[in-house]
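Here the structure is laid out as structure tokens; the discussion comes afterwards.
Letters A, B, C, D, E and F mark the chains as written, and numbering starts fresh at 1 in each.
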């Protein structure tokens, strides 16, 4: 008995991926709802193609509250010239477009976390339909994939570019070369414990060269962090031979996150007083934050300790913390 | 015909403001509502009194999403010793307590902006009742008032302490002395155009020495910014003779905001790309940010220009901006 | 200079208060809103008139989540016969009708607590318009007023009928006679500290004989508590000479609430374990409830103590309690 | 003792009302809130001035879900040429701009019904601040005022232009001349019973020539109804001598609404079956609609009757009706 | 290995489908939730049976904001006499009853679009449980199925009855005969591209004669459109031999929708100005609507073009349009 | 082809189930969301182990608005001494912790009813992840399971302990022995018609001795009902030989619910007047409640009848009732 043929994606692109030149269009995803019976989600997309060469798929807004990627990609989409390209560049600055418009990590439509929704479903939720379209339509077109992340409204990260440790060492090697080319201030080799549902895994399982980033956080971007993203994407395209010109490389500090001791969680909610700032060094056992109970004054705060030596590479961003929140993440310099 | 006598405040303190020693308690404000017919808002308060001397009223959480003040004051409330005090310290780390618990600028109960609600009303909204209690019960007890602010979730500020330019020059002078003592990296002399409803004005109109701060923003705090707040409040208490010990003063850069040209507003909403970072210098006419329309790729961004020479002293924080939002504020160094 | 003439009420009754016989109709209150530009609130009302005699105004649903009154009055409205009446009975089973439909203490339209909205405003909120109509149109028609209350969804009460201690002792005496006639299991003489905005005060200030009740709570009614209400209203009408027949009186226990020590408030939120049940006796200092912090197991609960000897006459109803909630109320038997 | 001078409006226009030529700009109204501490409401405005002549103030979006006016005025704002104007035209296509963006009758910010908020308050709600700016800044500039209305999402109207019956008969006469010039299919002479808070009244009390419309409803517009609005506004400007060219007049049917019998209200909610369509004739006592209870099948519907002879000039629009909704309005042809 | 037996439907009917005569009852669907632990959804149903003959299943409210069907069916349910029936009529005026009560296209409980939920699941969401009951309990009882639709709150349609082009030509033929009998002003032969999850497909796959309608829209009904529905259902029952009497047939205009060029979508949101009304003729390339950006005056509107010659048979209803909304649908007359 | 190995649970316990002594900790369930990208749900848990012996798994808060169980278990967790235990006691006072914190039957995160979510899914909703952890991690550790329930906010029950009639009569016998030991005022033998998704069934299918309770309702607890729970759990542990000491047994009345006639549902919504109280006897056909339509006064109420002889063992709690709600449940004494 054969597996039934999978349903076609409901998404219709208004661009032709095989056409030469620059096209700005949409991925139109029908979305029937109370306020528009025959409405659609319109995900902006740009395709730039010039002759033969590899295809880069560049994405931002996988989580809707992370901004360095969308800034770099909206900028690239309007400034990239076809004549400077050898091959093809597909740019989707805001993958989970409903989340991006709302400024939220997950989709306001279905609370879907796009980066845990792969491979998606053509007849699932809106977020699952987006995942399915990347899985079955866009990823197969790509040779290299760059997916921008930052910390979003509730986390802050040291700026780094990263790739995964893979069983296919040739694939891994090509990925780390692009990480090096990206030239973020920090670079990370990641071993994903639980990679179920991730876009990263979907791309890597198809043999694509996949790199990602964390470039700041707090639901904002700075001139500096946006500049890292803009330089990084140009560098990657140049190193891959898709964009003409020389990569503008810079030194980077490689980091390693050895295991569960990297993470410190809160067991009490309250007002957080950070005692170490981003990039600061810590030693095992050091108190890195206090959490004040906010119901009354005069009560002692609880304390959050580092479980390893290292530097602070990510932290809880909002001023209040809830029990169970990750307060701090530490990494080792390599 | 006489004005009718004003109604008493519905707020009951559980502390005795005239008692010696340390008391941790509440301002209990009855608040009848669907989920608690006989409920109350419980605003934490600490009073430390030791012998004769002036009274300092120290407040944070006037806006509920600003954290340096509450951190410094929850910390001070649990660490201040009565024997180190000469006079009285009244600490309310979270004035608009419902907003502070919710992590929002305004009260989730009535959307009240406490700092535009003075002098308040004893029979008004919850926020107006809080304002009224400060107006009629707490401010009259005080000689000096320090009210902590930061940028909150939607603005970011260079860290400064500030006082207002006042018609009573002696009062102004005493205020600027305390600003100098606070020793924030920056200090500001402010001329308030529209001071209606502000706590600042309420205090100043009673002749109090009033200082305030902006110490960061984004709805977070850092070890550095919290440290500025903690050192600042101790310095102010020491300079005022209320706390024993020497003030730990540091150099500060004085700033001036000369008028409406300081402010740049967005006329279009979209994705903001900052081109200048906090503290960076600008010249009149310089493009300081681009705003990308997010409905499609390939469209030109609008531009935000500086209308004066100066440094960037405040900025819009979230990655998306709406038409009408203040994008950037510039100041002149003095 | 004359006071400007007050605006007319926007409410139109569909009944004629001077007509003989039984009429079931509405108080129609225009309420323009997004989902009905020319909509109205329709408050059900019944008027029964037969010849000459005093007028009773009978009301329930002053708070929308209290049910003994509405049950007794919907029942009375459909069963009362004009020929059994001498005078007039005006029945409004659900004063704050929007709150009653929503099953909430306050109005879902404007969060108005009707019993703190008197004398109301003809051009105010919907709740203020209702108050104004009772103030200026219905109360002036009445000789005696019976307003039913219960504890609502968040409080529970021993069943009692009550009247206020008044400066006009003749008026007070007539009120307590009706309380006695009501024959609830308990009866209460109340001295209102803060009576601003209450329907009670509005009625008493016009010289009306006013009685009220608390007949249970929790947002429910039982066969027993509804029976107390039904018997009580019939008894009151009979004692007032408006309804034919003999009052079905029963013994009642008079209670007294001497002051602020009657009330016990929570300073911590959590899971409440009651240690005394309704009507149970307590002695001063006794632990009457424990409050478990719910964030972790193994932590000690806080304790709520009685501040006087007496019996438990009201209690917090929901299983969780918030800081500031009234946990227990005690009364003395007289 | 003098009345205190009123506070200045917080609204800043970005246009110069005395400048020659065409300006497109904003009324910027500062609006501090949780998602933008220093945000603003930006109300689009166009000013076209050419030489000497009268000023017309043209407004739509007084209620945010009425579309013929905004269509005609956005169209006029982009097509009107200064050289065709003699005097000044001030165009605000969406007065209650937050409501217009939300597509709701009232403001989503404060639930304010702008047309019941005059004269407004400079320190009130956002809606009251808008009213105040029209009251004190824009209306004084105008000679004639045309304010577009339609039925909105919950009502439907026969298309008519209207003016009020006024005590100043010369003012009334000039108004009705402009109504005639507007040339809607129907024209109405209105006697407002309760005109408190209306923009109409504010304009008329200043002696302005004020006309208004109802041009359809249901929260939509058609090519036909938008065409009536576009022709009407041009006709009015031409008749007033502000716009060059001849008015394109057409015959109109005058209507009269004699009193309370014009209105039929629902006493039961349910599913409405209309039995007469817009413009249809009815006789007194005729059943004009049935209302089916929706809780079960087989139950008899209630009936709505006409209380006068006439034609159906307005009706409840949504398929479900609530008790208290106005179901139908009748008028007499004159 | 066998497929596990499917779980029984949780729905209990209170009617007996095999009993003679008229029964009004409910489909009771248990629905445990926060506000009713042991609550149910009660879907009204009427069954009329008289002797032998075919069974018609008549349904409305598949989408909850479409009213012609519910009006015709609530009316039929209360007026149909058993003695006029030969066979059986099953009437469910509001299939997605929670959506119908809310006046929304989809269910407020689970956002389920019933017409994309077939075949449903007995242990799924409330909407899926309803679909499952029709799939497994009601459709098997039927010979002919008439499912009423209209445009709902966000679309407007020319009034037509329709059936699908089917592979079984005899089944198709019987369906089109009933469409002809319905006698709507327009009739449509539909070729469904993506029929997954539709009630239509579920019925057709069982070999039932299935017809449907679109009879207007905007979330309202008129006397005229409701009349079309009432006449249509009677005609269908008469043509099928289930209802006594002659069908009241009238001429109809057959339409055809040839493909994707029928649909025009918005790529920009804004204020829509329709340039063609329902039933109006267009030629390929014609501008059929303008969309004004609402952020400022003076900006040029975008334009929506017809991609074929034909007549306007459906349109976006609300005055504002969002990017991705279907603005207009064109059909060819046959 | 093998079934793919199931994914590991995402939940991490902070306690060691095999360690001796008392541990208070958490089940940490990662929950990424808009307000905490790396947040977690922290479910409190206590493990007490002393030597060899059986394991009891004690749970409350399966539904979040039922309080006797959480009270008894938070109390037990802080008072149980390891030296009094022979074996192991695992205490989870609030299984569906998010629902418990919200005071709602179902989870506010996903509306999940935990007791219909078994066996759960490791990659499903938060509620399904909790079910999966109990299914695969905690239930296998247990010999006996006691799961506390009460009526919650919308139902009220006579206090009883219960077990199911099982096909394994030895297992059933052991369960009923523990029910007898619990010594609630009433005891029930339950035959579950539809046990799909229940925790009960999951436990029984593994051969565990499973007992449950209903101990009151209305979303509250009393000193009396909490006392029943505290005594009951101690009795069960003692009877099972896990806790030292003698069980404090008391007489109990056994009840039986013979079938569908036990339940009375409302077909109309409105204001409910109960005519019988909890534990009261009824005869078949007796009117047990009236339901008043609340839209107008003077209309007759509908009536709810008993369909069997028995006593009232459960009832609808809130004062308003909706069509489809279960109004009353009757049982027979055995």
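Assume a residue touches a chain if its C-beta (ideal position, glycine included) is under 8 Å from a C-beta of that chain, and two chains touch if they have at least 3 such contacts.
All values derive from a computational prediction rather than experimental measurement.
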Matching residue numbers in more than half of the contact pairs is the bar here; say which of D-E, B-E or B-D clears it relative to A-F.
-> B-D
Degree value of the rotation bringing chain C onto chain D, based on Cα positions, nearest 5 | 120
Between D-F and E-F, name the chain pair that shares the greater number of C-beta pairs in contact.
-> E-F
Cα centroid separation, chain A vs chain C, in Å, comes to 58
Between chain B and chain F, tell me the centre distance in angstrom, where each centre is the average of that chain's C-alpha atoms.
-> 49
Whole-Å distance, chain C centre to chain F centre, using C-alpha means?
-> 35
The distance between the C-alpha centres of chain B and chain C, rounded to whole Å, is 43
Hey, what residues on chain A touch two or more of the other chains?
-> 26, 42, 65, 267, 295-296, 318, 323
Draw the chains as points, connect those that touch, then say whether the picture is a line, ring, star, complete or other.
-> other
Provide the full list of chain pairs in touch.
-> A-B, A-C, A-E, A-F, B-C, B-D, B-E, C-D, C-F, D-E, D-F, E-F
Can you check the complex and tell me which residues of chain A touch chain E?
-> 7, 10, 26, 28, 31-42, 123
Along chain F, where are the residues that touch chain E in the complex?
-> 63, 65, 104-106, 111, 113, 116, 151-155, 194, 196-197, 265, 267, 318, 322-326
Can you list the chain E residues touching chain B in their complex?
-> 267-269, 295-296, 323
Any idea which chain D residues touch chain E in the complex?
-> 22, 24, 26, 42, 44-46, 65-67, 70-71, 74-75, 77-78, 91, 93-94, 100-101, 103, 156, 218-224, 226, 271-277, 280, 290, 292, 294-301, 317-320
